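So, here's a batch of structures to check.
The following pair of complexes shares a single chain, subunit A, combined with subunit B in the former and subunit C in the latter.
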Partner chain A sequence: MKLLKATTFLVAAAMATGAAAQQDGGRLDLIVQPEPPGLMLGLVQNGPTQMVSGQIYEGLLRYNKDLEPQPSLAKEWDIAEDGMTYTFKLQEGVTWHDGEPFSAADVIFTTKFLQDNHARFRGAFSHVESVEAPDDNTIVIHMKEPYGPFINAFEAGSMPIVPKHIYEGTDYATNEMNNTPIGTGPYKFVEWEKGSFIHLTKNEDYYLDGLPHIDDLYYRVVPDAASRAVAFETGEVDVLPGGAIENWDVARLTKMDNVCSTSDGWEFFAPHAWMWLNNREGPTSNKLFRQAVMFALDREFVKDVVWNGFGTVPTGPVSSKTNYYSDDVPQYPHDPEKAKALLEEMGYDGTPVRLLPLPYGETWQRWAEAVKQNLEEVGITVDIDSADVAGWNEKTANWDYDMAFTYLYQYGDPALGVARNYVESQIQKGSPWNNVEGYVNPELDAMWEAAAVEPNTEKRQEMYTEIQQKIVEDVPVAWLLEIEFPTIYRCEVKDLITTGIGLNDGLRDAWIEQ
Partner chain B sequence: MAIAGAILSRLLKAAITLLAIAILNFFLIHAAPGDPATVLAGEAGAADPQMIADLKARFGLDQPFYVQLLQYVGNIMTLDLGYSFRQGQPVLDLILERLPATLILTLTAFWISLLAGVALGVAASARVGKFTDSLITGTALLFYATPLYWAALMAVLVFSVQLGWLPGFGYETVGSGYAGLTRIWDILLHLILPALTLGLFFMAVYMRMTRASMLEVGQQDFVKTARAKGLAPSIIRRRHILRNALLPVVTLAGLQAGQLVGGAVLTETVFAWPGIGRLMFESLAARDYNTILGVFLVSAAMVIVFNIITDLVYRLIDPRIGQKA
Partner chain C sequence: MTFWKRFISNRGALLGLGILIAVLLVALLAPLIYPRGPWAMVQRPFLVPFTTDGLPLGTDTLGRDVLAGLVYGARVSLLVGLVSTVMALLIGVPLGALAGFYGKWVDEGAMRFTEFFQTIPNFALAIVLVAILEPSLTSITIAIAIVSWPPVARLVRAEVMSVTRREYVDAARLAGLSNMHILIRQVLPNTVSPIIVMASLMVATAILLESSLSFLGLGDPNIMSWGFQIGAARTVIRSAWWLSFFPGAAIVLTVLALNLIGEGLNDALNPHLSRKGRS
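So, the complex of A and B:
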């Protein structure tokens, strides 16, 4: 195994990019949508919370756009040759926003705190034997087994470091301080006027000299998509994060003067959209039917028209942005004739299938209509079955659907964000984020398991390539799109997105040209 | 004395009605698919059975249904609206935080629509069949027929994006540090578009109602008598016709007033107004049971209170009401 050792590039990659002096000062208004339910990142991990709280809390590491680890609260790290021990050297002179010193004891406490409150953390740390702090600035993690993706599980959303002195011995969920979060990050919490805005201000005592640059951040809550576009047009807000407005407005706003946009900053998440095809019953339980669905779908059309050209048509379960991706898999071009032939072969009798769209706005509604049209072209009868978000959760978590839209993050590694959707141990009623389609393949289950703990990266790649080839043949779900969420911003905002996590931790390095 | 007795008996009935409404709401909200735990877990993008179970226990959803119901009824009997686990705050705090913004908006819209509607109605009835009448009724019809949502967006596009005269959304300029009169002026500017949008529909309704009612009362015998006495037409209109014509308008105003708390969901959404309508809508989407039930209860209480007030206003306008024959 390669020895991964980060030398002290204390000054982050972004700092090294240009000799041009970054300017300090200014205020940045960003949209946050929807309003987060809370800002205590250790307790709440939904998207809007991560976007705001990623400036307040920090993880041990960050990841660049190629998903390589970068220093954050850990300035150096070392993985033992056998993959069984991880050693992190922490930054020195770090204080919490209330002035208390930060130390390894906080990290140890965090592992206990998150064990009770963070599903993804629990998953990653199930491979950990013990965590210890030999001194105030060192953390050593001993593994039960080498676990390849472990090094990808340390960003602020996956493992936010929480303050021991505030939470130890309290009831975490009802701790008063949850409403005034204290972290180590570049921005401090000031005020949250519910329904209106969240105000963060520069952390003057931040441990990296000269950072951050911007004085004030205002996360604005604007519930209507059209109004959010107007807010940007009238100059009220400077940054529209990915997904904040409908796609047709993206095309319109990016044509305005002095408006920049980028698709970067989603590499770590790599949102992957698909339709669950219920593998348990009905026509969708037949592999030939599922393959026919793949051939019937005109996925390029959806990308070009419904998504205004944003995104990439996927080849299978792993996003092309995620590690261990392979395109050496069976292909499913748009081929209605082939789809009809497959339906004939299985003897499809015209049983209607229920299609459950994702209730996330107009784009998703149009998408469901496009799919319905494609499927009806090859003779499949489709009923669109609508629900609001809570109803969608209920139906998918209880397997009450035939086909259902969804999209999920991949977190940089197939073992973190992909395997959970296809292995039998993840068939659990009650959650919409696991093997909801009910795909059972013991042969692949064993391969997923072996690949996750394979220490050799080349070997891992081979294993994941084989998994992808086999699973794409089976079509447990219909992969639709690698979603691209362009971030739209005023061009005088510089270095806004410097990592693979994007806006969720990007404002540390951002600055505004005056 | 009679009034005090009437109010007391109304209040007693109101309390019973309110309790019935609360219980009905409880059943309704639990009948909707999904629950706050799965929504919260769903939003996290990752969940395991332990997380769902933890959340359900925290929200009290692991208790049998009748226990939850009894707990809820017990709480509201002691005027405790409960705790929003989603937002980590007592429901009463959440509601009180949002109430001022909503009341500023809905009360402004209420008075604009009532005063302008009645004034226009009187003006139209005085010149019935003439150009002014057609102009007023035509415009009112347009306001009446325009969907609120569309009108709001158009108002923003014209006055905010194109002309740049008025702020398009929000309650005040965020982070401006304004205080005192400057702040009040700033809030007023933000208030104009949403209040007008919200008020237009009811203004049209009041106008049509006043006009029709004025014309009807104007045909009655006592008006002819007044005219025969030689009173000036303006006095007849103001003292004789208008006062009698106002009763149906008051009924309608009572209905509108009942919606002061919960009736501005759309306007608040389009204009990003941080009011209680949005709190209700967003809590509904998140199945934040305690918060929705709290907002519903406050809204229901408002409807009942304004019904009582309406009855009292009837008595003021027309002293014959409430007197024993």
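So, the complex of A and C:
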């Protein structure tokens, strides 16, 4: 007993010194690219909005790099054995940025607010029967059915808690307060100079003692990738979020003195890149052709050369960072001979296929050129189409393509971010984010559905493993890369990325060594 | 002095002709020199020029041979330059000739129409056209032709107007020749020399326009051109200078050659001017 006490004391002491080493103060300049369309996270959920507003608003939970839930506005939570009831105990003494107290009523209000404005929230909450608040600090959610991925749907981007006292009874979209967002987060909104910067400042009344550490955050808007790289080199900005600069510049900047980089902080999103292969018509509707494409692609080369070694070559639809991943699936190494044999077997007649690159800059253009070259080497004729962002959206959404590049987030669970691209019920013209390839497999549809509501984790893993094995055999799309976006920052910025959500909620714990 | 003698007596013109012939030869022989095409990824990326055997100009961001790209780019530049110039002449010459010959409302109409195109900046119009038509070799050639014909029309109109007032045209009229016959047989042949000079310069401009469009990413993504090479190298210009330098040099040389030839032609076709210029 004495020994135990002593250890506890030591651990406490170690933690205390650790905390003391963190210094307060300073100013941090970050790039936000592109400029967000708005900052009211309940209404707008674009990537750049999430990055800035993730400091202003908070969810009930956040997720560590292994995607395990961590306390945020909820300090404790409990899932009933049968998966039918979720209970959250909220933090005490939380106030909104305008001084009003935060309570369970705000959470209840949020579930109504988001119902009208947040597609992903709506999807997750379609499994919910009712939400109630037995007291000011408790939320109880009753489910219609057990839904395993539900626990992954509570971070700020998926369910930002919005203030009831500001929005109740108003027209949400036109509420003037959308321009000066009020949240519970570690930083408060100060000013947004359009086209130039967004300024946030420390929330002195934050409910966690000693946090946050940094005084001021400036999110800078710089429209050109090369200028962003220069801004970092000259010391004008301290943090380049993933994707802010072209890959070729990453190698150059990370070689500079006192510059650190990490590819952590994208585990929750796990951006997964692939080529839509049109399963409806043309050569790509033939499974043998699609398999030939997989064997023809030199995906390791693209990872090493186009992405400077960042990322992982995927084995199938589920990212290795997402829960329920399995690598026990058919493999597609770079094997041109095998590709040629498959094309021969199917009797490919040289019909040209159109390839639509993603119009997100030079990296993606080079990638398309490399793919074209790979495919032509095994005898597939490829024409690269060109389109701007609007054209790309239109062509993919209306299925006017043979092969098209894309990448999508996975949100930690196959039911949240993977199934939508492969089940028949998600074949709908007009959206470039659903089952655009037109893959139809009723047997797998039933399995996706069953796996989503299976309460037993081990069983779920088995089900998803089987799904992955079958789908990889069919090659509905050509999986290219688990993208890693390196975040580049000055080494004196510490604890910048501590969760699987990365910069989007990371500045709560970050501090600057003086 | 014959035309040819006058032309070769101009050293600049001779040099220009030499360069142009060299570029033409390279363009024609490209598939023989590089049978694998310009897109083949042949070696490690970012190889510095003059360090690797067989890759004198190094490799680009994907490990493609820069020299192979240059050689194939020559085909595109020359093709676009020539075809678009011919197209521009086919629009500009008839329009200018009719305007200058008939005058009055034909002239008014044709010139207002021409001015409509002239008031829009060339390059902006070309960008819009290519964006609307979707980038391809054909749409780029058409766009360049459409933005380059107005000066031709104006030049031809002025020439035709001045020639039409000469006595031999009056004589032809008195002889009872039809208007069309006079215009095509008597007037136009006497306006050819300034058109030739202008055409040689237009090829140069067209090459520049094509390169600029490709540089902006509006080129045909399936075709290796000099402008594309420079555009693709823009993001790595600080770490790999050679990727933009060599294609840039190729553009400069070719355009310079065409300008020298144009100058030479001008001197040779207009002996009066050239003699004055040299004395």
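One rule holds for everything that comes next: the second predicted complex is superposed on the first by the 494 of 514 C-alpha atoms of A that agree within 3 Å, B and C clash if a C-alpha of one lies under 4 Å from a C-alpha of the other, contacts with A are read in each partner's own complex, and residues count from 1 in each chain.
One rule holds for everything that comes next: contacts are C-beta pairs under 8 Å (C-beta built on N, C-alpha and C of every residue); 3 or more make two chains touch, one makes a residue touch a chain.
Just so it is clear, the model here is predicted, and its values are computed rather than measured.
Once the two complexes are overlaid through subunit A, subunit B and subunit C fit side by side, free of any clash as defined at the top of the document. Using the contact criterion defined above for the overlaid structures, shared-chain residue A:Lys144 touches neither subunit B nor subunit C, since it reaches no partner. In the superposed model, A:Ala173 makes contact with subunit B only, not with subunit C. Looking at the shared chain after the overlay, A:Asp249 reaches subunit C, while subunit B stays out of its contact range. With both structures placed on the common chain, the touch criterion links A:Ala226 to subunit B and to subunit C. Of the two partner chains placed by the overlay, neither subunit B nor subunit C lies in contact with A:Lys459.
Judged by the touch definition given at the top, the superposed model places A:Val305 against subunit C, while subunit B stays out of reach. In the superposed pair of complexes, A:Arg280 makes contact with neither subunit B nor subunit C. Greater residue coverage of subunit A by touch, when subunit B is weighed against subunit C, goes to B.
Closest CA pair between subunit B and subunit C after superposition: 8 Å apart.
Residue overlap on subunit A between the subunit B contacts of one complex and the subunit C contacts of the other covers 226, 388. Within the complex formed with subunit B, the residues of subunit A that make contact are 27, 29, 34-35, 37-38, 44-47, 116-117, 119-120, 122-123, 173-174, 178-179, 193-197, 199, 216, 218, 220-224, 226-227, 230-231, 233-234, 236, 387-395, 397, 408-409, 420, 428, 430-434. On the side of subunit B, the complex with subunit A involves touching residues 32-35, 38-52, 54, 58, 85-89, 94, 97-98, 101, 153, 156-157, 160-161, 164, 167-171, 174-175, 269-275, 278-279, 282, 285-287. Across the interface of their complex, subunit C is touched by residues 225-226, 246, 248-249, 252, 301, 305-306, 357, 362, 365-366, 368-370, 372-373, 376, 383-386, 388 of subunit A.
Subunit C contributes residues 39-41, 45, 61-63, 131, 134-135, 217-218, 221-222, 232, 234-236, 238-239 to its touches with subunit A in the complex.
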